[in-house]
């Protein structure tokens, strides 16, 4: 990416933000939609939070850019019982999340308007903090300006140049294949040359690289692998943030909450923690949209995407379905082939 | 709280010799909810059953565990027993301590321990049982036959003769199918049309049969006993009720079109009947070629139709038919010879298929029965037949044998030798397969009496040279290369599934194999049924078949359908899937895993707060569900459960394995 | 401009230099840019695949890996040689299908297999599928109308069909279409995919002479002025053994055997020198003369000169 | 029955010698359960390690049952169904195959021993095969030793 | 708010060098009682939590210079995520019930003042209130709490907004960083015992307690980043009588939509104490256990029959913050929040006590001025 393109990029992000606000205002003003879901700047810290605008005035708060982390699709689940159309400002992962809800028939297609936005990736505050040698909490403000990120830290008055955005993206964004969202009703910012050029580039890492950690774990001894997962699982608080953030976890009654049958016992000891994470991962297998929300939401840093990726890797190698979450592919567990492999049968 | 009685069987010494019955009864007495434990020498004997009935009354039992032989042996016996004592028959569980314990273990201690575990599992499961009942549904006493070839004709006649109404749907303008195109039939060499056309006429004259020709099945809803079929009656542009089939129209029609019936070797008109004996003998306008439809002028046929039957603006008509059973007899199509580039079919006019040969040799065919080669009309002196073209060839996607080609090639050889004096016939073959009454004799007649030269080997290439077709082949028995300069080359084409067979299968909800042939429910024991109750298979839609086999299968399918239609009502399974609507997310992930199309979406209303909302949930049709339970695993929310094998029951059993 | 990674293979540096030269000369005219794979090595055909399955796979895999690492990104490889094409296709397919084989080959290479995304393409495949017959026809400046051309595919270019798949293995048409694009007439003849005996050209000359004579005879019977091919082995064999073949049949076939690129080059106005006709054993001169005459005749008749 | 007999309390030589694995087998009613019955009627002997849970079809077996069995103290889980193509319900075993292909790889990934899960196609006529599978699986699971990784403490 | 929440009266003081703390840990363990377990901050994966320290791996004092606070609060040392209430065995119709053994004594080395204060809040509810939680009481009674005053505040810290301060005195023994040395100040007799054990009986005199006060005052003068922005005065000053107004405020419908209904805030929070009791039967046997629960879970108040008094996020989010910022203060005179900032850091959607507190405080001010205007 040349320097010129980056200068354009920061300008493009500003324009994108403006067009998001304008389009949202227009839709709300004309009452074509009841609500627009997007991001706005958070009360504190560098990131944005979800924002639910029901009036043109509130639409002025919308933000766009690499600080807009946090999935939006799942919120539609709570709007499903209300009348009227809800618009979502959707990055690629949000659009796939909406698609997941539509395929799972959890949301009416007529009641959703997906407004796609090109995405350059959403920063991972932990990575950024590590790159700067601080803790994530010390990040106060991050913008994408000419050249690279600009970061203001706690206790500083002025923002300073930070690392390039590419270096502080979470792995899901690195491997993202939908920086230009798919299956959207309309694109906002589709005319922004620098941004769309960046979003249109192939993923920074290919599938195999994205799965490098899975491969590494596969190569450990069984006991080391057990120690790895047991070590993580014992930390699990059972807060269910992973489930609640996940667009594929959209059941009316979650198996994890069910008393009858009681799939998951209440003890938080290791055997039940394995059951918890087994059920969660198996139930999203083949349905995961690779947004990484589960991992992002986890307050105790469980590497949950390594469970999801294991399934996507195996589904690819066993059943030849590369990207079950993308349009045009089949859902691998609602079907079979008579000549599926029989490794141990 | 459940009140469970446990009845441990000695089975004489069959169980008692290896399992310590006393220890088992002692242990059972400690199990949760068990209020009564008894043991019997032979629980299945009348005294044994009586003791169960007594105990139910005496202890107020509401659930029963019998620890004895396999449930596959006596589950029904004991269901009747407890039913006689007033319990729902499904409040029973069998602990299999004979086949799966006493008979397979010698160590008394270990076998006793295992028997106790098995009883504990049964007790834990039966505690979760609930009373089950099965539903019944009425039967619409009418059948539909899809396809009007010989299979469909035979099935329709048989069902109608059994006294039931039949609706026949045929997509071409006439009955007859492939059999109508054939000349003679093996091994008797009787004329195909002579034995077929009377049956075609019988169909339209039968008071119980309604024929919808030039019609297609659009959609199939419903289930066994109560199918709702949507049929599209395509517009013929001719009023069937008025057309007399006099032929004035097609005599005057100025447009000549290649005849599909003659496989392009002859012609027909734009208004036509496919062949003279077509049934129904009603004309059809081919709108793709009719000048009026193309250019808006002509209408000559209308002028000459005395019956005033021509209706140019006729529209397709959609009709709905309710039937209780469906016989699928949609037939086959010929293998596409273009897959064999080395034989040059389609490029060289004198390379033809077996079915084309049938038309050439047929007295009512384009050459009036004289074998003339298509390129120049010359009578061929040397004819080469190549067998297994589109059969037994994995590389072309057809690994199977088409079953008819050996015999019809022998027939072609005999006919060639009969009709062309002094002709030479060469037949390249891989094997000669003649499993049928009179078949081997027929083949021998071709090779020995009629002098057809059978050469064992494949042909590698066919190419033209100086007015001849050079056939390069091999005689593997002599280990020699063979070159034949032939006048005509006939490819014995295999049979493949209809191009839209999979679409038809999906409409019907039946399965199909990797070649597109519809699959029978069991290859040996249920050869004409499908996995969808009430849908039966006849003829080549299920796999390649000759006429005798097709007719036999059609009769079988008809008898199955008739047996079904003879019933007033159908009783459904009791152990079927059910939906907990409060839990169901309505995602319908269960739908694709159901082999019986038993699951569909339905809309329910519910009160939420002060509002009434509607949402969609899965619904199981009890008449279609067979109780396999695949849906329960696809259901992440556990909204689907399988009665008799609920999640709770299986979990309880698993829990009980390791106390 | 379509960019391809270019894998010439050893023949195109030796007996089939004219194939290489003519292809490189032709490529820009048809909108192709060829970027030669750096440090390419043997494809694993001939001795390798006859003696060691794994060695043959490893050799091909190495080249596919190199293609995957090309600066500017992984692209389809254009493989003019039918044998090389065959080896690379077979290797891609076998390594994709068998993870055990893949890890064996990886250990032989001491390197990960990265070639999964790379597609090797044969020349007719590229010209028809990517460039398009219309684009080829547009590049023709000197139509070869009146010339009768027998396309000879040989045994490897279109077989086995489960690996190659771009043309009918028994009755291929791709080169015929290219011939038609030049304005020449493709002849229908039976020997398009018959064996030329190339593998035994040195060890069993008599047998080969017979096979070559059959092929040449069939082409001549079909009225061909020239044979075109896309295989270095076929070209070399039909060219060098033509004399011997003629002797066994008591005739002089006099049928020049050109690479398809040479014929296309001729039609696209490339000079005879740049197409290296001088290295052929069967003289191409009469053919070139015929082309000139046809061109003059056409001009005289007021046909399109350019 | 004493609980201690089947419960691996210690690694002591005696306990180890006495310990036998416990295997929960989910057998489809139409093929594998019938196969197990045939093993019985044929009086084939196999180790008393297996406890059969009868299910209508291997497609009924939820992978969650596998973890539950291991939690509650099973040392191995066998899922047995009709051979591919022979399913009584035509397709259930194909779905089971997909599910358990993934499940086995997944438990292996979680660090459990994959050999604690076996999936076998056993027809109603394969009493011998049923007995063989139980023998082989008992030996294989015995070699792994007691399941400790996800077994709950009592 | 109560000034004693910040300045505790020192019963005695001592000075030890910075560096290894094994002697302090050992002394505390001895005072805590036989078999005492010492817990200290430890990194687990990418997260800081609490780990049992053997003598050899007691952290050094510089840890508290680097680490603002643990990501997971130390409350699980007193309220385990899973704890047995009883186990039962049903044999031959004889039911036997076993209650768990008494918990071992515990030393918590180096909790921050906010976390130490959280135990005082919990004690008021769980021990001093009308109902005494037996299990919690036993664990708290067997605990010795060593509190580490904050030399600097973190970006998410908000103790000063909630009436506390970076060196607010709480626990049994306070540790203040003082140059290259550590000042120890005993707040309870147990703390004094530790000092005695550590110094061989010589507790320091007036001079040292004076130094303690000076150092504490200096540390307490620090303002936190959040505290500078967040003034809850309107909430504290006008809280009484505003419950109904705040309950029906619009802020709940404005703030709650983004909530994921996960339990993160409640589970990282040192002052949230909701729990669930469940039976885990195994055949005839079983255990009755207590586990954490969260008022943010949809099912938290779900009743048999399907009724849910707090069916949507508006009610649940309101419940949590009203509890922290209004109901609890009304009853106990203190916020049920110590400003540790964990929810600020951990909430996946940035919905935390600072933002809500500010909004609520504004709502309170508006309500008050509206009432005044009405008069």
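Think of it as A, B, C, D and E in the order they're written, each chain with its own count starting at 1.
The rule is simple: a residue touches a chain if its C-beta (ideal position, glycine included) is under 8 Å from a C-beta of that chain, and two chains touch if they have at least 3 such contacts.
Since the model is a prediction, treat every value here as computed from it, not as a measurement.
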Original post:
Stepping chain to touching chain, what's the minimum from chain C to chain D?
Top reply: 2
Original post:
Using C-alpha centroids, which chain lies at the maximum separation from chain E?
Top reply: C
Original post:
If you tally contacting C-beta pairs, which pair wins, A-D or B-D?
Top reply: B-D
Subject >> Centre-most chain, if every chain is reduced to its averaged C-alpha atoms >> reply: A
Subject >> Reference chain D; chain at largest CA-centroid distance >> reply: C
Subject >> Approximate Å spacing (C-alpha centroids) for the pair chain A, chain E >> reply: 32
**OP:** Calculate how many whole Å lie between the centre of chain A and the centre of chain C, each centre taken as the average of the chain's C-alpha atoms.
**Re:** 49
Subject >> Residues of chain A engaged with two or more neighbouring chains >> reply: 255, 263, 267, 269, 333, 338
**OP:** At least two other chains touched by the same residue of chain B: list those residues.
**Re:** 582, 593, 634, 647, 651, 655, 659
Subject >> Multi-chain contact sites of chain D, meaning residues that touch two or more partners >> reply: 63, 68, 72, 91, 95, 99
Original post:
Across the complex, what residues on chain A touch chain E?
Top reply: 42-45, 47, 49-52, 70, 74-75, 78, 126, 135-138, 140, 154-155, 231-232, 235, 237-241, 243-245, 257, 265-269, 296-297, 299-302
Original post:
Considering the complex alone, what residue numbers of chain A touch chain B?
Top reply: 81, 104-106, 250-255, 258, 260-263, 283, 333-335, 338
Subject >> Of chain B, residues touching chain E in the complex >> reply: 30-32, 120, 124, 582, 609, 655-656, 659
Original post:
Given the complex with chain A, which residues does chain D contribute to the contact?
Top reply: 63-64, 67-68, 70-71, 84-85, 91, 94-95, 97-99, 101-114, 118-121, 149-153
Original post:
Which of the residues in chain B come into contact with chain C in the complex?
Top reply: 340-342, 344, 347, 395, 461, 463, 465, 470
